[in-house]
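So, here come the structures, one by one.
In what follows, subunit A forms one complex with subunit B and a second complex with subunit C.
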Partner chain A sequence: MTNIIDPIAEIDESRVSDGQDVVIAKSRIIFRRFMRNRTAVAGLFVFLALFLFSLVGGFLTPWNKDTIDPYNIGMGPSPDHFLGTSQAGIDLLALIVEGTRISIFIGLIVGGVSVLVSAVYGCTMAFFGGKVDAIMLFILEALIMMPAILVVAVATSGSGGLKNLPSWLLLIVVLLFFSWMGTARLVRSLSMSLMQRDYVKAAKYMGVPSRRIVWRHLVPNIGSLLVLDFTRGITGAVLAEVAFSFIGIGIKLPDVSLGVLIGQATGQVSSFPWMFWVPLTVMFLLTGSLAMMNDGLRDAFDPSSSSIGRAKRTAVRTVKKTTK
Partner chain B sequence: MLKYLMKRSGIYLVMIFLTTSAGYFLAVSSLKPAVLEQEKIPRPTPEQVAASFRGLGLDPAKNAWERYVDWLGNIVTHWDWGRSPNGASVNAEFGDRVLVSTRLFIASIILTLIIGVALGVYSAARQYKFQDRVITSYSYLVHILPAPIAYFLVQLGAISVNEAVGQRIFFVTGISTPGIDPGWPAFVDLVAHYAVPTFAMTIFGWAGYQIAQRQYLLDNVNADFVRTARAKGLTRNQAIRRHALRVSFIPVAQSIAFTIPAIFTGGFFAEAIFAWPGIGLWSIQSIGLQDVNVATATLAYGSVIFAIGAILADFATTLVDPRVRVQ
Partner chain C sequence: MSTNISQTPSERLREVGLYAPGDAVLSVRDLNVRFNTENGVVHAVRGVDFDLLPGKTLGIVGESGSGKSVTSMAIMGLLPETADITGSVRYRGKELLGLSDKAMCKHRGSDIAMVFQDPLSSLTPVYTVGNQIIEALTVHNPIMSKQAKEARAVELLRMVGIPSPKDRLKAFPHEFSGGMRQRVMIAIAIANDPRILIADEPTTALDVTIQAQVLEVLHTAQEETGAAVVMITHDLGVVAGMADDIMVMYAGKPVEKGTVEDIYYNPRMPYTLGLLGAVPRVDTANKQSLVPIEGAPPNLALPVTGCSFAGRCPLVSDACLGGEPELLSVRVLANRPNTNGTDAKTAASHRAACIKAEELGGETDAHHIFRAPAKPVSKFDGVDRGEREKVLELKDVKKHFPLLKGALIKRRIGTVKAVDGLSFDIREGECLSIVGESGCGKTTTLLEIMEFHPDQQGEVVISGVSNKVATDSKTKMAMRKEMQMVFQDPTGALDPRFTVYEVLAEPLENLGMPKAAIKKRIMELMRLVGLQPDHVNRFPNQFSGGQRQRIGIARALAVNPKLVVLDEPVSALDVSVQAGVINLLDQLRAELGLSYLMVAHDLSVVRHISDRVAVMYLGKIVETGDVDEVFDNPRHPYTRALLSAIPVPDPNLERTRERIILQGDLPSPLDAPRGCNFATRCPVFAALPAAKQEKCLTLEPPLASEEAYGQEFACFFPDGEIDADMLVVHT
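The block that comes next holds the complex of A and B.
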């Protein structure tokens, strides 16, 4: 058995191709299930559009984030500056492009790496058990206990050796350090219960090597959790960055991020409203699109998913007939 | 039971010790108060700075380990958490700050818990109906809104209410008006200061509980034991209340442990936005002022709050879960 096949999706495929037995790759099943969820697809498009915007958005405006336009200081949106300018006369569009890029970058790195760390850590705990498990759980709980915000503040506002690093890099390191514990606990308990399942036991007694058991049986089952946690991790990191930068810890000027832009604008919401509402909207689009994707991703990666798309009635009925 | 709680407390004490020590080393190695002294007018000589810090037990010439040993020795022998670079004692200010924070959070913690669990039960009982969709989508919306921005928006709303009415109904910052008469005016003033932060923290706080409670209750509503209860003649509401609710509250009770430190961190933002001089604001300010001892003391407080939350959660679990009591 090289693929874990969802029987219903298989039927869906065979119905299309005139009853021939076709084995479809898991990735295609996942892709199809994801595409069935309209909200999730819309979220994906918004996210990709923002990502693209953060990469090539700089070409939409002749200005960049370091150039001051002395004739348009603190002006609202105009043909010269599509989104207006800041109190210092810097084009807001250029700032937003830069800020979105930094925010997405922080989100992707923190989300991706923390999922990997938590998967490896949680599986290791479940796999070895006993003393190793106890010690690793102790470290994990000690880390949960530490208020991350204080560590962020110390790391980014200290004047010791850490000062030489750019603030976004420091923020990534600290966020990574404090973002993986919750998922690691979940992965641990989930894989512990999976290890007790009959098919894992059977594989063990058949002499299947541990690495293969993990890859074939554990990973597909916790995969849905991990993928979900990847998007949640991105959202969490983006939100944490905005929150920390908003109250003045975290990202520091001259680095720009969505949080810095929103935070700077709070003092003058009534006089420069666009400086506040535009970055806030972009942040909402970013976190909102990820939230929209969550459910579709969870369903797509879930091996016991009941999403069967158009095949619904007829296919299920034929299955019942054939099994009888 | 008592033995189990004692054992947990012991483990948490070790953890508090370790996190606080780690925090102290991090703070000592990255916070350098001498840098800020250079901005004073007239500018003190490095010798003067070193001498004044030596008097406060913040000797920059000592290495991190020596300072750690001194600091720990003072705490263990006279419960002295050290001094700030400006000479103020950490112990003296700590109590006031904790009191301000506790006053700020206590109402919203209780309200959040009650409203969240109640809405969770309500929306689970009406799954996929209009009310459920509204309540649950609101909770998911709150999840993508960072706490400080949410508080700030509430603040903007309160200001516009004040402007619309033409007089100051709500105070959006601060803890009380100086020089207010005692009695009824003082009480009105208190309420006017409390209203906005408590409102903000409550309406943005219950989402987590609501989603969790709804999910766990839905997992149990269709369980066999609830069906049995219905078959014996209980109404649907009775069956949910007497059988499903109790079981579904167990994981929620446990999750409280992990939301109490979250309230504490949410508290940093609330105190920063609403300018309440509580412990969260103090810790952020102290880090800006390169104050090692205050930063470590507040970190220790955060760890203690977490440990209390975790022990309370264990205790709550034994209250609602008969299986734990039997063991």
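The block that comes next holds the complex of A and C.
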């Protein structure tokens, strides 16, 4: 053939004739790229460990969050109680396990569902445009202007016939209601600009149905935003839960969360320091690990980021030395 | 020879002459520029030497990233402070490098002036044009009176050919078209009678007809001021007629230097040879394949060990990898032992950085060296056009946009006739190109065809399926299979999140092809467009521009269409890469029996690739027919002007060629004339007696053919005299 064909391609021809071994699945490429970011992997491990701890941590101690140990009231860490007990004589480890589980639970659900809602809402606005866009945008603006903190206070205080629901479930619903608007607006403007791109046009001219264009071209291209928003949403929900519980309008006893534990302990930092520092550390581990993962996830999904690996780094470094 | 390669910088300086000839206005010696980037230190310019004599023009030619713009910015002192600049830049013997920004300001704009590439962004939108010219005058002439400055501004605007300059002084940049803005830029640049004018790709962003106007203005500006000009461009045609000397740059280094004749008729460096062969010619019907230069320039963040071009050079040998060849006089190389004084002087003008320079010469055939593929032959070549099937037919297609005004209640104040009654057809194995200035409706035509909607005005028939009957998705699907599109910008047309595999699989999955078959087809496609099959897992941004365009082509071919619509397929690519893509398109058309509908503004490319051509002006076809007939015997004055405006990479021809310089810009479609659309700019119309002009103004010329000519054209006076004012010959 002509010289348009690369010689290397011709050598490879025999190997790739069936094409089986060359095509790598996209998920594998994304996984590889994520694994290259060490901070992110560390973050992932910390998060998984915490998650595991919140599920099976109860087996580490014979106590549970409802049992009072009358012999150890307000005691520091000891062989009986690894993390000490509260002033009511409840094992702190059991409380932390329970609190972490609730916090992660709230975070995951609020983060995940709000991202989904905002993606669908934003894409719909951008795709249909016109009147649909105007009405949906109005609803969105109205929601943004609502004072969230009052609604949370009213809803969790049990008025309005919602008394029989557990307070953490109530908090999830309320947090969800107020968490998706900002992202939805961002998604809308992003997908509006994406609609004008040549590759969307190309897909249209190939006869790809609109539904599929939205799913295959729009959603993945706002994907890194969504992924970031998911992890950020978890962090945000955990922090919001902590904040609301701290001022006493979020989770109500007997439910426990990290926020409740921190809030309760603030008054007694000097007398029962373990009651304050342990839940705070766990909260930092939780939000910190998510923040560490954030970066790696974005790099993995975003092809324009420079996470191709560092094959040539050493060579470049030598050049720097010689020229400067 | 080996001693030359291992010369120290000081030895080299002695040879080129540390001090410039006394009369040079600008002499650059051993200019080196380094930038620090994330990936290490990039050595962007690596030893540039040249002397600029007063009144002379130096053309700096090279592909993007070759360091030509960085060189000019270094001379102007416009590089960021983080850049490391060494060497010497002397303006009339005074060293400019190392001057403070304040000291440099004295020279910038008064001694050395610059015209930038993008006229749209080089003028401040919030000041009037007059203000900006006067500002340039005030900076360097603080004592000049207000009246004097205004008078000078008017004079400058008149000099660059802006009609009614006095009123236009108060106009804002957005009221000017691109070409007019570039004229204003030139006016600002020559405001203080600079000795040196640096023009960095001054016409790249402009249409051909406007390009001709602006080049003309540059020419006058140089004549008026006697300034020396440094013309930086990637287009070998643009400099052929203007420059006295040429410097070809590659990978930050000049690889060949000489007079225009030396470079164009006697290139000694394989890169120059390749570049010249890679440019299609608008003036010849010779349908040879173009010379493709494979590969990409070296990464300048790494030290260059051998010849920088070695990786792409077909003549490469082990000796080339041993060290970077110096820029040596070619004739000295040829007969080194006995150089006498006079010989050395003539020889010094032509230098090439190639150890094989003596083997190459005027007779060397670039096609042979670069192993350009033979011109592919299609199975349809022998078949008469009338006997081939129609793959696309347009009947009176129109696209009118209403022009609305008013905030709350929209009022229709006019109609923009973007496409106004277009009819043509394309047969099997044929390439039809639509050419014209931007804004003439070329791209709208393509989009109308691609939309394929029953509500359109006019009929589009694709492989026998009309848009009037294509109401259900099944017929539409069948039509999509017949016609695919390649976009202008290869970066924008590929989803950055798709691997190449996914990009190519999309149209196939859409057809419901089984997975195994898709894989097989994709491997086939990758090979077809000359890409390595194991690159399918890469993302588009890991490919070069030319490779991306190949992916775009592969995607279009995936479903085995009969017709491929090409929207400026090579305009975003470098010349050397462009040739490879054009060759590929040529080859695919022959091998697969494809038909192309191409839109392009580069008429040389059009001439090379098409069989038929349609010239569009303001939404209408003004001339159409066989490409050779139209290009060799243009009948419509617009076609004649368009063709004469294209620069040809042949200095002798370029200097003696008659050029029709159209006045003004494309009129706004809003106030399109009632009779012939072109009358407002027509060079023939301007020369007609008033009685005949009446006909052009009231009647619309129909598209018709004439005896003895193959093409159809829409003009009442096809062979009329051209108005003398619009005709320019440089002698």
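We take it that the second predicted complex is superposed on the first by the 286 of 324 C-alpha atoms of A that agree within 3 Å, B and C clash if a C-alpha of one lies under 4 Å from a C-alpha of the other, contacts with A are read in each partner's own complex, and residues count from 1 in each chain.
The working rule: a residue touches a chain if its C-beta (ideal position, glycine included) is under 8 Å from a C-beta of that chain, and two chains touch if they have at least 3 such contacts.
All of these numbers come straight from a predicted model, not from anything done at the bench.
K.L.:
Could you look at A:A203 and tell me whether it touches subunit B, subunit C, both or neither (first, second, both, neither)?
P.N.:
Once the two structures are laid over each other on A, A:A203 reaches subunit C alone.
K.L.:
Let me test your reading of the model: by the given contact rule, A:T266 touches which partner, first (subunit B), second (subunit C), both or neither?
P.N.:
The first partner, subunit B, only.
K.L.:
Between subunit B (first) and subunit C (second), which, if any, makes contact with A:F138: first, second, both or neither?
P.N.:
First partner only, subunit B.
K.L.:
Once the shared chain is lined up, is A:S27 touching subunit B (first), subunit C (second), both, or neither of them?
P.N.:
After superposing on A, A:S27 lies clear of both subunit B and subunit C.
K.L.:
So, does A:P220 touch the first partner subunit B, the second partner subunit C, both, or neither?
P.N.:
The second partner, subunit C, only.
K.L.:
Where on subunit A is subunit C touching in the complex?
P.N.:
Touching subunit C: residues 2-6, 8-9, 12-13, 16-20, 22-24, 26, 29, 197-199, 201-203, 205-208, 212, 216-217, 220-221, 223, 301-304, 306, 308, 315-317, 319-320, 322-324 of subunit A.
K.L.:
List the residues on subunit A that touch subunit B in their complex, please.
P.N.:
By the definition above, subunit A touches subunit B via 138, 141-142, 144-151, 153-155, 157-162, 182, 235, 239-240, 242-243, 246-249, 259, 262, 266, 269, 280, 283-284, 287-288, 290-291.
K.L.:
In the complex, go through subunit B and note every residue touching subunit A.
P.N.:
Spelled out, the residues of subunit B in touch with subunit A are 11, 15-16, 18-19, 22-23, 26-27, 29-32, 35, 140, 143-144, 146-149, 152, 156, 258, 261, 264-265, 268-269, 272-273, 283-284, 287-288, 290, 295, 298-299, 302-303, 306-307.
K.L.:
Going by the contact rule set out above, which residues of subunit C touch subunit A in the complex?
P.N.:
Against subunit A, subunit C makes touches at 34, 38-41, 43, 292, 294, 301-303, 371, 373-374, 450, 476-477, 480-481, 484-485, 487-489, 492-497, 499, 501-502, 506-507, 510, 519-520, 522-523, 526-527, 530-534, 536-537, 539-542, 555, 559, 580, 583-584, 587.
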